[in-house]
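Structures follow.
Look at the two complexes coming up: chain A is in both, with chain B in one and chain C in the other.
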Partner chain A sequence: MRRLKMPQVPWDVLSSLTVMVVQYSLLYMIFAVPLTLSYRTTKVINFVHSNFVTYGAYAAILLNGLYGNRNMLLAAALAFTVSGGIAVLNNVAVFRPLDKKGAKPVALMISSMGLWIFYKYLLYTIIDLATYFSRINFVSYPKIVYEWIPSLSLGSVKLSSSFIATSLSAAAMIAGLYALLEKTNLGRAMRAVSDNPTLSEISGIPRHMVVNLTWLIAGGIAGVGGVLWTSYAGSITPEAGDSMILQIFTVGFIGGLSSLTRTCIGAVLVASIENYGITLLNQFFGVETSYKPFLTFITLITTLVVSPPLGAGGGLPYKLFRRAGRSA
Partner chain B sequence: MPEFDLLGFLIQWLTIFGLYSILAITLNLEAGFAGLTNFGKVVFYGIGAYVGATLTTYLTLHLNNVDPFEYPPYSIDGIVKLIELGGKSPPLSIGLLALSLIIAFIAAGSVGFLLTYPILRVGPAFVGFTLLSFGELMRVFLRHYEPVGGSKGLAAIPRPFSWVGDPKLSGFLFLLLVLGLVAFTYITMDRLTNSPIGRVFRAVRDDEIAALCLGKHVPRIKALTLFIGSGFSGMAGALMAYYFTSVNPDMFVPAVTFNVWAMVILGGMGNFTGSIIGVALFTLVDRLLAFITPTLGVTAISPDYIRWMFVGLLIVIVLLFMPKGLLAERPLKTPAADEARKLLAEGVGSAQHT
Partner chain C sequence: MVSKSIPIQLIYLIVGVLIGLAAGYGVFSITAPPPGEAPVGEGRTYTIGFTLPLSGELSSIGKIWEKVTRLAIEDLNNEVKAYGLNVTFNYEILDDETKDDKALQNVQTFAQKGIKVVVGPAASSQVKVVKAFADENKIVIISPSSTSPTLALKGDFIFRTVGSDAGQAKALATLAYQEGARKVIVFHRNDEYGRAFADFFINYFKDFGGTAASQPYQTGLADYAAEVSALAARVQSEGFDAVVLVSFDTDGANILSHAAESAILSGVRWFVSEGPHGASELLTQSVGEFAAKVRLYGTRPLFIANPLYAEFKDKLKEKFGLEPAVFCENLYDAVKLAGWAIIRAGSYDGDAIAGALVEVAKTYYGPSGWTMFDEAGDKAMQDYGVWAIVKTAEGKYEFRDVGVYERGSIVFIEEAY
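Here is the complex of A and B:
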């Protein structure tokens, strides 16, 4: 009998991979929590969400390329304003009028798809113009190194400044949202609107203002996520948000588009599955790393089959596996 | 300025129009009648195109006694052989065309059928998103799958009518084939939606739960819709592969889907004639733009981006101000409804005697 040789565990690879998984988890949290937040208050499946991320990233890039800004707080503030502003504008100009006309949720979703296309190519146009006048290539922009953010190394584990910024932002977002939703009147109003819009309006909550504020916060946070992405990704293109839309929505679907806690768990789950999974498959079966989205897609399908976000955006109360003696 | 070739322009425009018409009509069946928000139309179109391209190139080589594994159709040698061999024998070309259309229908339809399984219980948003992301995955897969040419795709696909000789005549024959398929699709869909199952489609669209409570098997209806719609889109894809004589993964971006959606929304959901009008308007504008763009020279802003911004805005504006589109959905055509209308026209009094 041949003795099996135990493979040497490459600890340095494993630790850097884990740092990457943690960073991706936090990034997905920052991208997907606002999606859940906006859906449960406004009931719009918002494809523009990927634009929020891209516009946030490009707010930082244009600020860096044209004015040499390397202050992350300034970039984040601009990104929050731009993406949040777009979100509020969408609501005021499109979603609310449609809702007022009694359009079905499907029509709202299709209109958000139209807006998605519009914003995507508007950004391309803006980038073309900026490139034309400044002679800087904005279509594929290198990673931005922000100043004043330290990087740490714990033993052999190196934590980049981007990692520090991402974890601080994620912590700030979670603390901020917790305080807002649990401790303030505005947060209570937001939860009331998401539970029952009509009843909340009857009880005197200014529903439209609450919805607008939700859009501002949701768009803004996603925009800040875009800024964080510019400090992490190798190069940033106008497809940055779209290339992550599968991950963002899968994370949101795991959260059932209703629970922020479950969305955060979903972010960790998706980041772990796709990064650990593809590394394992690559090491042992030679699968190319560009097949990474397949793992996310399998996660998405599994989520939809095993624990579908029932009640979110319609759907059937239908059991696929019915067993005798069990109530539905 | 070069002489404007009206006949060439018409053949070009109408062929593209025909291909998109099939997509728009089937999307209208899925989204307008059965309420399936198919944001992955391009998947089935792409599957059809790749099935047609792969079958035709490999079989053309094989049946001409060239080993397709020694001269794979994506290599330079293979392409040279294909140009040499393609379009020599009419029966082979026509046979391959028929085979491609059938296999494309079955392949695209089956994928559509299988994809309905995970989305049975969830609402339109999840349906749309799942199909959309499946399209992106398909692109990733095709880019890395060597037998279908990887990111370069397949080229020099022999056209089914190139044995005619005259390129204009063969183009015209191909146009007739495309328009024939459009007519076939239109009639099939029209009969389908005006039949009892068409009424079930509308019931599912308007209220899934109510339809379920009335004993309609909603999952089966959805699967059937996506099978039929995808099958026809697959055939359109196979024809598209012949028309452009090449396929590559970047032809099948989500933008194609959105184009078809914009056409259907502009024409009116639930009205096939409206869809055809929408397609005609869109493809005409596109063809004209294709003529105008080169005359503009280098511009700071790409006209292509402006066109896409306009498509996005158009979807929103139509939904906001003209939710029914150019042509609204018409009432059902059934024998019973015809009878009722006749009786109403004759007056209620005579109805009592019959």
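Here is the complex of A and C:
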């Protein structure tokens, strides 16, 4: 601990920090909203979610490294297909058969952990092969600079092209999901399945098709998040998604794994706590920046205690609240 | 539903499998060689264990090391044949995910297999965790890259084919001070390596008359933008004139690429440890331009003007198309030393091999230079070079050794920026 002193965060640090918080908020939204979306329809606490992000990022990286692609739309399209495809495949090959056999949510979660490890090492194998044939080191890859995306300067505040791309993507995701869920029959069917799977099936909704589509959209969006990550992070490794899983789940849990709006609020909250929090603590109280994950953990634990996600929690506070009639 | 009558074929099958297993086990236990050493024909086969970071934080280095291991074992076998010895070395690589407990598990697995010599693990924090088990069970551990001065201990089974960072911290402090830095902030990994390096650096730097503060960062994160931003705030508010970065490769590259976007951090000098040297992510245009702007220099352990290193570098390039990452040469020599020590020891036993290793290293010279160990089992003769990120004629960027640390001062041999 260093000495306490009067608050002083230079203006340009504060402004760039704010830009960073906004960018992280949007990124966390793009990572975590699909997690909430998939959970509320499928009831699988899905660890493969971190692979969706990593595979999306590596779709962009391999396109860039092997074919020199710097078009972000192309990368995003491929990432959406790859990650969305994996999500559907998981459902068809693993989650649905298990569900048919009457597997409990815990068993589904554990099987998703198995898949998580499988996909991680599969990626290492793919990268190894790519490295062997191309002689490019893909295990740790630098930030990709995409073309056609402008950057802006507002006075002393610089908005990078990655920031612009992330903002546009987040806006597109929110608008798209709103239109889908509120305005289309498919969206209504998705909401019906998440509210009551049995009832929805009885009323003639093709539940399995809806579940598969949900997986495709959820995996796809997370994959696109991975592409955005390649334009922002200083370096990308096959561990990228894994090392963000704490944040992604915290954001999802703040959203109760059920509300997309609350998930978005959670993204802003976690991004602020992590970035403003640690910079301020470091400046004013001499707290080491290495405590950053600790702040995230505290947020996660507080969320779990105060407002555990339905079904995932079920701990004491949840039951107490429920008895008191607070949580319907 | 269980059917009541089991088909007779199934019974035959089960009985057959059981007999097969029993017979197989019997034959195997009669002919099985003692673990670790196995006679092949009239010769002998030894297996050297490797615990390498094939995934996790150091995987970008680990993947290259895997190839260096293959090269080294191949060269070792050829050399042994050339001496007319009927000995073959095998290798078994286990991934430790750059994790401490996993490295220990791997060493325990090797111990169960009767393997007495293990090359790796990479990080000092891992070596620290492995140490007690290795000492107790007399497993010779040769780490090619652990540099923390806190592990420079006499009489244990830990050997390191690289010098302790007590030396490098002094070289880096000399470099920073000689380049005019007086008030520096050490931005370092919050692990065994980073903390010890920072402590030693700060002590030396204060001895020279400078002031130094430290700022540790958590390791294993996906991104370090927030940490870099906090660093910028401190640099600005406390008026540091240089940043000293003590990192591995991926985290270092990440930090430098974010620093390149910060006006504050582009306005102070940067000095870097050996970790990021060789990382291809540093050779991008933005980091390259940043390096030139802040006149970024790093130190790294090397053996000055070693023709064997040049030869090794070419071989790696030719065979695998790879530039040597950090500590590749130290790994190569660790494998060679392990092989010759096993042969010299006479008996396959931890004490004998440890003793032989010290003797073999006294007269061995390889890509990492003269490998003699000091009394703590670390490389005794360790030079330090100064590296920079230099723009080539074709407009690309490359790592170049531009200076050396000699008799307490830095001598530049070429102009980097």
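Everything that follows uses one rule, which is that the second predicted complex is superposed on the first by the 300 of 328 C-alpha atoms of A that agree within 3 Å, B and C clash if a C-alpha of one lies under 4 Å from a C-alpha of the other, contacts with A are read in each partner's own complex, and residues count from 1 in each chain.
The criterion applied here is as follows: contacts are C-beta pairs under 8 Å (C-beta built on N, C-alpha and C of every residue); 3 or more make two chains touch, one makes a residue touch a chain.
What you see is a predicted model; the values in this text were computed from it and never measured.
Visitor: Kindly say whether there is room for both chain B and chain C on chain A in the superposition, answering fit or clash.
Guide: After superposition on chain A, chain B vs chain C: clash.
Visitor: Going by the contact rule set out at the top, does A:Tyr291 touch chain B (first), chain C (second), both, or neither?
Guide: Touch status of A:Tyr291: both partners.
Visitor: Once the shared chain is lined up, is A:Gly176 touching chain B (first), chain C (second), both, or neither of them?
Guide: Neither partner.
Visitor: After the superposition on A, what does A:Tyr124 contact: first (chain B), second (chain C), both or neither?
Guide: In the superposition, A:Tyr124 contacts both chain B and chain C.
Visitor: In the overlay, answer first, second, both or neither for which of chain B and chain C A:Pro206 touches.
Guide: In the superposed model, A:Pro206 contacts neither chain B nor chain C.
Visitor: Regarding the shared-chain residue A:Trp116, is it in contact with chain B (first), chain C (second), both, or neither?
Guide: first
Visitor: Kindly point out the stretch of chain C, out of 97-105, 169-177, 277-285 or 385-393, that overlaps with chain B after superposition on chain A.
Guide: Stretch clashing with the third chain: 97-105.
Visitor: Of the residues on chain A, which ones does chain B touch that chain C also touches?
Guide: Correct list for chain A: 120-121, 124, 128, 288, 290-291, 293.
Visitor: Note which residues of chain B are touching chain A in the complex, please.
Guide: Chain B residues touching chain A: 35, 37, 39, 117-126, 128-130, 133-134, 136-137, 140-141, 143-144, 208-209, 212, 218-219, 255, 258, 261-262, 265, 300-302, 305-306, 308-309, 311-316, 319-320, 323.
Visitor: Which of the residues in chain A end up touching chain C in this complex?
Guide: Going by the criterion above, the answer is residues 2, 8-10, 12-13, 16-17, 20, 24, 120-121, 124, 128, 131, 135-137, 139-143, 145, 158, 160, 229, 232-235, 237-241, 243-244, 274-275, 278-279, 282-283, 288-293.
Visitor: Tell me, which parts of chain A touch chain B in their complex?
Guide: Listed in rising order, the residues are 45, 94, 97-98, 101, 103, 105-107, 109-111, 113-122, 124-125, 128-129, 132, 245-246, 249, 253, 288, 290-291, 293-294, 297, 300-301, 304-305, 308-310, 312-318, 320.
Visitor: Name, in rising order, each residue of chain C that touches chain A in their complex.
Guide: Checking each residue of chain C against chain A gives 54-57, 59-60, 63-64, 190, 213, 215-218, 220-227, 229-234, 236-237, 249-251, 253-258, 261-264, 279-284, 286-287, 320-322.
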